[in-house]
Structure formats: structure tokens, C-alpha cells
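A, B and C label the chains in the order they appear, each numbered from 1.
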């Protein structure tokens, strides 16, 4: 096995173009397990950890561009206020040691249906910036996940960054695991309010071959909110609305029975998570609204 | 592919391919440190490995506990295996091979990581600290001393990792309350469940500032 | 003699901090452990050593048509490829019945059964060679149902059929009826010991044709016997030394790599190291027996028990291991720590093609405990009593009769333990706004801010036998030497009893200090140059090896008095030792022991056994089968998110009688550790199998409690001396594992109103999905 150490992203892309079979490695928290148990014998590894530009985040137009190599711990510490959903999900990844190394880029590269950040990226309409020697393109998160551990990358492409809008309204992430730390998601759910678009982003994780947008739930809620004019004058949501949102979110999943949980449980739990997270996000939204109107008065 | 991709290709061939006979990329790092010989044990072990792994082994330098150590490893060798099997530093333990137990926790440039989930070749220009590097002679590190004082272990299988995590937790400033210590120590499993004593030891050690 | 010694062999533990029995001195191995210098079995290294690896069956049940090793032998760097035909001695071993092949012959009975061995210059080489061993299997339909196996249904997996042992107990009136009857069916999942240091060791061929084996085990001499038989060597040619043990909990009582590494070493003439990874470890040791239990409790309207009838099935998997003893425990302790005038108990342990099961902390008493305590809660509900009150009404006490007819002849403070946990203050309900999600079920995963969270409280009490039972000749051997080294009085204690983390080495030092008044006490490495120390299991080492060390000290003391009498011309009667001085009843301090000893060395080895037990009558199950009983009670407080089925154990208080706390800090450590493993079984730990195959052989999917799962514990330690035991001690390690699980499940039931008849409780059970 060769070990390739590019020091710039351009170099890395050149290698990937020449040897598309090389396996990129950054935090190593996914790739290394496969190597340790011989599930994978790559002919070469591409070490992305020395590429400074991957470990940077910066505003980019109206969005935040988060380099693929920014570890979870920095997302929590440095971007928790601007990307609260992503930070909440990052906080549930593995352990403190894993969060020091693991990256959103790695989560996307592995494309495990159980990856913790995926539902947030979907709910926040994130764009995945991928690059090759042929150029750079943006892939909406919703088009990025193709199947179990399969994503939309071409063989010569690498993940450069994710682009997300700084949160203008509350976001929530919630994950079911059967232990209080270091646990893989049985299922997870993210919700992000987009008042400027008059809609809500919602997505399920670990409950289908890929993480998925809960489109029917999004559409239902957008309709309910605009019909009642709730974006402009927020009031607590009817319990029936939250419940229906939960049911529709659960219907977005097509889970399986596995060692971590049954399909029926996953559907059930997703309905609960969706109902609760929407409640929390909306309550925050109402809270901010009140504060705003009071300060205006 | 257009022909103008030639330049970057040549570059990576010259500079970035780390494999047998292609040690240029790390020679510079090696020169930057004083180099101690690997122990006799390690050398003998190297000889045993040679037949099988010579083809893809690469020479690297790891800076462990302040000493630069030269060794040859296959790129697929984890930092954990390099420490344990090659550098004779067996204090770092192997419990699960997948980052789920914390026994292999070491500090890399002051941050704690699980050494089973990183490759030795990726850690060449880093300062690696293992449990063997904490004490100064007979003087234990305050965390080590606190672990003894609080009987914060039974079998000791997780202890090296717990101690390395504890050193980092204190540096990170996550010792404000027992709840905070528990959250930030949750990446290290203790099957003997000496958890109450571990938390007490971390809390106690956090009060001491090392001179 | 071996050719040479490995690097990092176990050494004398010389660190000796003052403290006799009743104190909590620091561990003599503590400094080494915190420095990363303690020599664990996985850390051993030997010049010129090679690596061993084990090819295991992928099938739970298959006939082996052929094994072809030709290609494997061609791999450069391979020194040996061995199969069953290379086993020079008896190719069968086992703790109680030798029924397990060292290497499979014509059939494999569980997934992971060893089929062939490779010795190579590097683990990677060995792995490649193993890929080239061609085993032709005829896959057979596995036997997986324990009840079928118990009752003669299905393919017999061993010559005598699939029943390993049936223990019946018939106590009192078998026809009696009662006004109130509660019944229940319960299940307990397969739990793993999950010790953090996987199986490992080093075998060094000796010049005499023998073998020196450095290994992490729980019982050196039973390993020695089994290894010698498999190698066809006399016992004295198989020498074992205990290396550092990274946890045991029962999982190291059976052999793992011991014979395999030795075989490779003898064949190649080279030292052989074997280390399992976590995946292999799941296949490399026995687990806790999964169980199905059927119970019927009859009582009067006041909740006083009239009878208990139960049928208990324990799945022993492919080989017997310690199943017979586990069956006896589950049966004899099957009605719990209660006065039960009439009992009908049947317990079966069986062979199936599931993973082999054997010893794990609690050893049969855990499975029964979950069922009988669940029943006591049902009974409480049926008669309208508080769960603690119904237990206290039926609590056994000193003088009570076990269903085996054995009289409990030392303290049995069951009611007191229950009262103590009940009387402890309850934690406040955390409903402050905003909630700290870390305090909620689900924790940082942010699943609830209080929605759906219901508090529940549950109680349980358990009983465990201490030491080996049923007439087993259970003893330990201790050698104590006293001499003057560098002008200082020094003692050395040497046994073959395995330190696995529990702190036996500390206890040995404390006993020597107390008995001989010598402060400096060295612990020699544990090995087979001394006689049997018995197993580090059954909560027995402080009792039996502690007893042996004390006895050896007493013999040494007698010799010292004789020496003093001769040298000083005084009467040996009426002498005693205090702080290194020889003291006479009549004349006070006579001399410094240092001066009395001079160059003399007093060195005594003693074999010590506890009082004898009896076998059980095979028809009625009657007999004085046990040495001692230990008791613990728990109160669990849980918050359950009833909508998501997630549980947070808020508090887990415990009261336990330990007879005498030789080392109070170590006692607390054992209670915390045992309780944590019980918590794991209650809410997360299970090896899931399907068709005999393990579905979750990793720490990603076999979950064990983290620091965030383990709640604070308030612990009351009672010290009601057992007059039959050394210092009055009572075994500590296991009782808390037994009552922890049912207390937590009872608390979850209280929160949810659900029946919850299976441990571990999964979210699916709570949400009904």
C-alpha cells in the first residue's frame, strides 16, 4: 500500500485524477476501522491532513464555507452560534477523542446512513463543494447521498467543503442511541426553520439506505405555517400539527430491523423526535419573536 | 484528460509518494530532531518483519515523549501498533481496534486522540505523548498520583487511556463540575467501573498545577 | 528450564504502603499501572518470537470433510500450520467435562471454533496463511433452542445427548396450594464479560521439552492441568506464570490461547505470542448463559410465601465449560434470599450450537435473581403490599433453611439490607428550566427536554454462594517467608492465586502485616512453582487464599517463636509480635525481631481449605452444598422516556454485608463494579445471536456502560462477621451484580407500568414496537 501525502489540495486532486482508486483519509475514524479489520485493502491512501486549506472555515458570500477537514470539536467551539444544528449533531459524534479528529468531510465521504451530521446538512440545505482537476462543482446535500455508503462523488473527485447558511432561525438535532455516550444512531432527526423562505427543513438519519429529506413533512408544515400566518406572528403550534409533522417525518423513512433496533421502533421514534424537535425549534422561534417585538415597542 | 495535467503529476511523484525507496518526503522531518536508536528489541523485531513487509515498509520518524525515534513501518500500521510493537512503548493499550473503548488514547500535539484510528505515517511531525512520557523520573504526573490516591482503577487495562484523557480534560478546562468531567471522560470505558474514583481523581488532579 | 525469559516478565511487587487489615493501603501494583509499566500478557515480547493465529469456523454447526494446509505452508514466513492431528496429547479439554477439542476434528459446533493454527514471523503473514487453508465444510442445521435441547428434541451434538445437567430440588410439600398465585415467564440475554484486555499470552519452549507459558488467566493450575493433558506432557513440564490481567469477570476461567500457543511453540521450537483482537475475543471466551425461566409463586393473603415452583433453562452453547456448576447455582439459589417452606425447582443446562457459555460474575445466580425478584414485585402487587414490605416479610435470616435443606449458619441480614436502601434519601426530580439535557434520558443526544420522562423506583435483593460448592476440594496454597534484608525485616508472600484487578495482592500484604507485624511485604509473581491457589472466581480469593496466607503467617509466627525461645532461652508460649518486636505476655518487649532472626530465614508453605461441603442428592437436590452465602440489596431510581423507551439510571444505591471489610476501599470498588455490570445487563448489554451466529461482536454494537451511564451510588457496607470464615469475611464481588439488574428493571416497570419480562430491556420493549 502506498501512502500519499499531498501538501496542497491541487496536488491531492492531481493524485486522485491519476489514481482514482486511492482512499482519502483525514480524521481516519471511519477508514481506520475498515483497515484494522481488513474490510478494505486499498492500494493507496491519500492523507488529507496536511492540506491547510481543508481545515479552514470562512464566510463565503451569504454562506459559511466549512472546509472538509475541520474537526467536529472546532465546529462545536467555533461555529456553535452560527451553525447550531451542525454543532448539536457534532456533539453526539463518538467521543471527545473522536471529535478531535473526525470531520464533516469524512462523514460525507463515508456516506454511512448512520452518519450523525447528514440530517442537519439536509435540513439546512447544505451544498457540498467537490473538486477535481476538471474543476469544482456544488452538489446539494439532497442529491449527494446515493445509497448505503455511496455518494455522488466521481472517482476523481474529493470533498472540499460544505456550504451552509448561518442559522437565521432555530435548528434542532436529536438522535436515539441506547447508551449515554459513544453510540451509533438508532435513528436521528434534524429540523431547521427557514423563515425567510417560509419553510422548514427536515431530514431523517439512520432509518433508510441514505439519510433523507422528509419532504412531505416539510410541505405539510410550510402550508400550515403560511396558512395561519405564523411566520409573521408566531404562536405555539397546535399539538395536532406537531403530531402530523411527526407522522409524515416517520413516513419518509424506510428502515430495517438490525442489531441496533427494529424498523418499527425507528419509525415510532422518528415520529417522536420530529414532533419534539419541531416543538423546541418553534418555541425558540416564538421566543425570539416576542423579544424582538418587545424591543421594537 | 488534457495533457497539461503533467505538471502536478510530476510534482506528486517527486515529492509526495511515501513508499519504499521514496523517503524524501520525510527526510526533512527526521533531520529536524535528534534521533535515538530504536531499542534492540525493536530492531530484532524489525528483522523478523523484514521478509514480509520490506516491500512496502517506509522509514519514518516519530517524536514520542520528546524523543525522535526512527523506524520502518508499512503505511497501514496504526500509531498504536507502532508504539506498542515497534517502539516498545506498551503502556498504551489495545482494547477494541475501532475507537470505542479509549484504552489507546494518546496526546498528539496536546490533543487526545485514539491511536488505533490513526496511522503512524500520518503523525510524523507531531509531538506524541504516551503514558510513559508523563512522569519525570520518580515524580509522577499529578494525574497519575491522583489515580493512585483515589484507587481509580482495578485491573488497569483502561488506566493508561483514562490518564491520558484526564490530562487532556484538565488542559481543555472541562473540569468545572463532576457532570462536566463525566461528559468529557465518556470516551474511555472502564469495565471494572471505577468511574466514581476516576472522576474524583480527575477533579483532584485538576486542582494541582504542575510546576 | 526455558531457554530465556521474555521481556517484561511479571516481577516482585515490592511497593509496600503501610496498612493492615481494615485499612485501605494503596495497591502494590498501582505505581506500575499508572506508569504504563505493568506487564500485561499482551505486552510480552521475546527475542526470536513468532506470532500465532487461529483459524476459526465460520459456521455454528458443520461437518468438516477435509482440511488442506498445503498452500498455507508455502507462504514465506510461515513456521507451522497445525490441525487436530498435531495435538500430541488428548484433543479434549474442559473445566468440568473434557468435551471441547483443542482443534476441531470432524465437526465444528459453534461459530468461532478453532480449526487450525498458524505460526508465522508476523501477524500479517499468519493472516495471509490462514486465508490459504482450505476447509471443506458440510454446513448443518444448528441446534439453537435450549428448551428443545433440554427435553431430547433435535440433533444430539455430543455422544450423551444435549443435556449437560439437570438439577431438581424438592423441598417440603410438593402438593401444597396457596390463596394467591403469581406466575411469570422471564428471559435473560447472553452477556459478555468484555474485559478490556483481550486474550493474550506467550509460550516459550523449554530445553527440557516442556513449556513456559505466560498468560492472563483466572486459575493457573487448572490451565496447567488442561495444557499438560493436551500436550501429552507431565505437569512439571508445563509451567505457568501469571501476566498482567486486563480484567476477567469469569471469562478467563476457561482456556483460550493457552494450548494453541504451546502447541505452536513445541512444534517450531520458538517462543510464540498470541493476541486476540476484540472481534476474536468475542469468539474466544465463554459468555454468561442466556436463560428462560418459568416461575410460580404461591402465597397467603398477607404475602407470606407458601411455595415456589420454577423451571430454569440455561443455554450452555456448544461445550460444557462450567455449565454444571452454573446449573447447580441457579437451582440452589433459585428462590432467592427468602424463607420458602415448599419449593419445586428444576434447572437444566444444555448443549446447543450457540456460543459456549460458562462463568461470569454472578454465575447462575444472576439469571435466577432477575426472575425471582420480578416475581416478588408481582406478588407485592397481587397482595397490595409495598415491594420492600413483601420482601421483608419473607426475608431469610440466620438460621433459615435453604430449599436444599442447608441451614444458613451465619448472618443473613436480608431485611436489614432492604430497610437500609429504602431509608436512603431519594434524589430530587430534575425539572428545573431550562433542563440540562445531560441529566435526561438520551443525554447529549438531545432526545427530550423533559417530555415523556417518568421517574420509577425499584428494589431488589439477591443471594450468592461464596467459594466452590458441592463437595469440591476447594483450597489454596500460600508461602510466607520472613528474613532480614539490608537490616530491615522483610516478608514475602507467594501464591498461585490470580490477581485480576480485584486487589488480592493488596489484601495479601495487609494480612501479612497484621499477622506478623512486618511492614515491608513483597508479593512474588503468581506461578505454578507453588501449589494450587484455586480460581479467582466465586468471590473466593480473599476467603480462601486470604485464609491460606493467614495460616502460613501463623505457621511462620510459630517458627519465629520457636527460634526466639531457642535463641533467647524463653518459653515460646505467651509470645507475640508487634511492630517488628518480639513481645512476651509476662516480660514485655524482649527483642527486635531483626536481631532474633539474624541470618535465619523462616519460610513456610501451607495448604488451607474451608470447611467441606456436600454434593446434592441427585433426586431431591438436598445437601449442604455451599460454604457461605453473600447478600446485597439495591434501590434503583430511573428516569424513563416512556415515548422513546430510553432509560437513565439516576441513582443506584446498595447495601451489602461483607462480614469484615479487610480493605474498605476495595470493597466499595467491587460493589460499584458489580453493580455496573448488573446495570449493563438491565439496559444495554447483550450478545445477540441468530441461527447460532453472533450479530454484534464489536464494541460498536455490544454496548457496555460508560461513565455517563453509571449513576452515583450511596453504599452501606455491613460487617456482620461469619464465624466460619477467616477474619469473618464474606465474599464481595458477585452479590451486587445479582440485585442490580432486577432493581433497575423494577424501576423501569414502575415508571412504565409494563411487565418487562426480559433483560436487557430494549427501547422496543418499552415502546411496544
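The rule we apply is simple: a residue touches a chain if its C-beta (ideal position, glycine included) is under 8 Å from a C-beta of that chain, and two chains touch if they have at least 3 such contacts.
Nothing here was measured: the structure is a model prediction, and the numbers come from that model.
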Most central chain, Cα average position: C
Go through B-C and A-C and name the pair with more C-beta contacts between its chains. B-C
Just curious, how far off is subunit B from subunit A if you go by their C-alpha centres, in Å? 30
Separation of the C-alpha centres, subunit B versus subunit C, in whole Å, is 32
Report, in whole Å, the distance between the mean C-alpha point of subunit A and the mean C-alpha point of subunit C. 44
Tell me, which residues of subunit B touch at least two other chains? 74, 97-98, 100, 183, 186, 188-189
Multi-partner residues of subunit A (at least 2 other chains): 36-37, 180-182
Can you list every residue of subunit C that touches 2 or more other chains, as numbers and ranges? 277, 279, 444, 700, 705-708
Of subunit C, residues touching subunit B in the complex: 7-8, 24, 26-27, 29-31, 33-38, 40, 42-43, 45, 47-50, 76-77, 121-122, 124-125, 193-198, 244-249, 277-279, 436, 438-439, 444, 500-503, 665-666, 669, 672-673, 675-677, 698-700, 704-708, 710, 712-713
Residue numbers on subunit B that touch subunit C, as the complex places them: 41, 44-45, 48-49, 51-53, 74, 84, 88-98, 100-101, 103, 130-132, 134-135, 140, 144-145, 147-149, 151, 153-160, 163, 179, 182-183, 185-186, 188-199
In the complex formed with subunit B, which residues of subunit A make contact? 1-7, 10-11, 13-15, 17-18, 25, 27-29, 32-33, 35-37, 45, 47, 49, 94-98, 100-101, 133, 180-182
Going by the contact rule at the top, pick out the subunit C residues touching subunit A in the complex. 127, 277, 279, 442-449, 451-452, 643-646, 648, 683-684, 688, 695-696, 700-701, 703, 705-709, 762-764, 767, 769
Complex contacts: residues of subunit A adjacent to subunit C: 36-38, 88, 91-92, 172-184, 186, 259-262, 264-265, 267-269, 272-273, 276, 279-280
